[in-house]
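Here is the structure we will look at, set down as structure tokens.
To keep things simple, chains are lettered A, B, C and D as they appear, and every chain counts its residues starting from 1.
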Amino acid sequence: MSNLYRFGISLDKDLIDRFDNHIRLKDYNNRSEAIRDLIRDELVRKQWQAGDEVAGAITMVYDHHKRELANKLMDIQHDYGDTIISTQHIHLDHHNCLEIIAVKGSAKNVQHLANKLRSQRNVNHVVVNMSTTGKILT
Amino acid sequence: MSNLYRFGISLDKDLIDRFDNHIRLKDYNNRSEAIRDLIRDELVRKQWQAGDEVAGAITMVYDHHKRELANKLMDIQHDYGDTIISTQHIHLDHHNCLEIIAVKGSAKNVQHLANKLRSQRNVNHVVVNMSTTGKILT
Amino acid sequence: MSNLYRFGISLDKDLIDRFDNHIRLKDYNNRSEAIRDLIRDELVRKQWQAGDEVAGAITMVYDHHKRELANKLMDIQHDYGDTIISTQHIHLDHHNCLEIIAVKGSAKNVQHLANKLRSQRNVNHVVVNMSTTGKILT
Amino acid sequence: MSNLYRFGISLDKDLIDRFDNHIRLKDYNNRSEAIRDLIRDELVRKQWQAGDEVAGAITMVYDHHKRELANKLMDIQHDYGDTIISTQHIHLDHHNCLEIIAVKGSAKNVQHLANKLRSQRNVNHVVVNMSTTGKILT
């Protein structure tokens, strides 16, 4: 897995000074790690745009008192059994649930599933966390 | 919780025709629900910008073979015990783990925690899923 | 152009109260206008994703002291003559220029042009402002 | 202005191979330039979040047949005379105008100006192009 490759890059001194200052505030130990993360973010964005195989999470807030809703959401999740890995459920308060669905599959399927959930009555908020299967990040 | 309020809005006919067409493709049953979701997204964005209390998920991909990493990530999570609700762990392949941390707290604390995790060596990707405790979404 | 269509929508009272408060801070006079803008933003985002005909601006910051750069940037702009409408040039300081290129064409061509400009040495920053020809916004 | 500084970074071989492939498609000549742009984007994002002095463009689409609108937009722009550098105006079609306002000032003022314009009736779309005065980019 680790096949480190060392190479040199040239940047203006002022730019790299500002970057050093910025990454210190973000808790990085060194430039290589900070630059690596910028590169990974760029490649993950591209994966989602290209519709590649991705991984991530769909986060959903809803009111569990609407009993038919819970059943309906379960049905939808079963229709996307190939895309969903597992689900984590948190009781935010008496009414609101936070449900986080771990997903892996084509970017398109993940977006379809999110659309399906978002369009349900009494589902209050849905967001997609775009991450990666890790294969591009080695 | 449900205290429905009905009111009228005026839009150009062409605009609403295009919107109707768009939301049909996104699986909405009617305009009220689609407009409600646009409004909620706007309010949730504002909550995160304002640093209010929020809920959401941090998604992280890392290589669990680096044993010290797992311990380090555990330590960091314990430092943010007030912000973290629970964690879901998925084995993506022989090397890569997908860990999804359900969070609730100030937007600032959630971002700090994400920065802390992202800056660790061998943590390959970190994203924050910005959702809400649901209180603004009634 | 104006063919106003009036219809009713139903939202939770608390949600609409929060929205009213939010749009007052953003200088809106009434809900219809604020909701119309949320709808337009959604449709414009979709246009850019779908690769439709779009309009917008490419903003670029560069150091004009690199004379070959100015010529090179001119050459590139001529290659995209069908996409570029006109250019506005501002002298930010002794070194830095802000150049804003008004564009109209396929989303893909606009992105290609932006990539081409961004990849030039001594072009310091390039962003694409995604707007619309207005046809969808009536 | 140019005070090039050379340093080494270490990345996994597979990651840098994927990055090389990606930047070739985006027309970059070499890694230093592509990495420099990722760093600049990060610093510009931070400038806007921190409310520093910024430069950029506000793009606006509106229907010029509404004569009072043109006057109103002019008045607003005069109120923000310190922030606005110049304006470029394009006739998209019989009805729609694309107006691009070059701006320089505090991020907050630029956002206020954009809100003010967006909230006008018959202004169809407003977006802010977040760039920089170039001082951080050397």
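By definition in this document, a contact is a pair of C-beta atoms (placed from the backbone, for glycine too) under 8 Å apart; a residue touches a chain by one contact, two chains touch by 3 or more.
This one's a predicted model, so the numbers in the text were calculated from it and none came from an experiment.
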_Need the CA-centroid distance for the pair chain A / chain D, whole Å please._
26
*Geometric centre distance via CA averages, chain B-chain A, whole Å*: 9
*Which residues of chain C are in contact with two or more other chains?*
1, 40, 137-138
*asked:* Chain contact topology under the given definition, line, ring, star, complete or other?
replied: ring
*asked:* Strictly by the criterion at the top, what is the full list of touching chain pairs?
replied: A-B, A-D, B-C, C-D
*Residues of chain A touching chain B in their complex?*
1, 26-29, 33-34, 37, 40-41, 44, 55-57, 59-61, 63, 65, 85-86, 88, 90, 92-93, 95-96, 98, 100, 102, 104, 115-116, 118-119, 121, 124-125, 127-135, 137
*asked:* Applying the document's contact rule, which stretches of chain A touch chain D when the two form their complex?
replied: 1-16, 18-19, 22, 31-32, 35-36, 38-40, 42-43, 46, 136-138
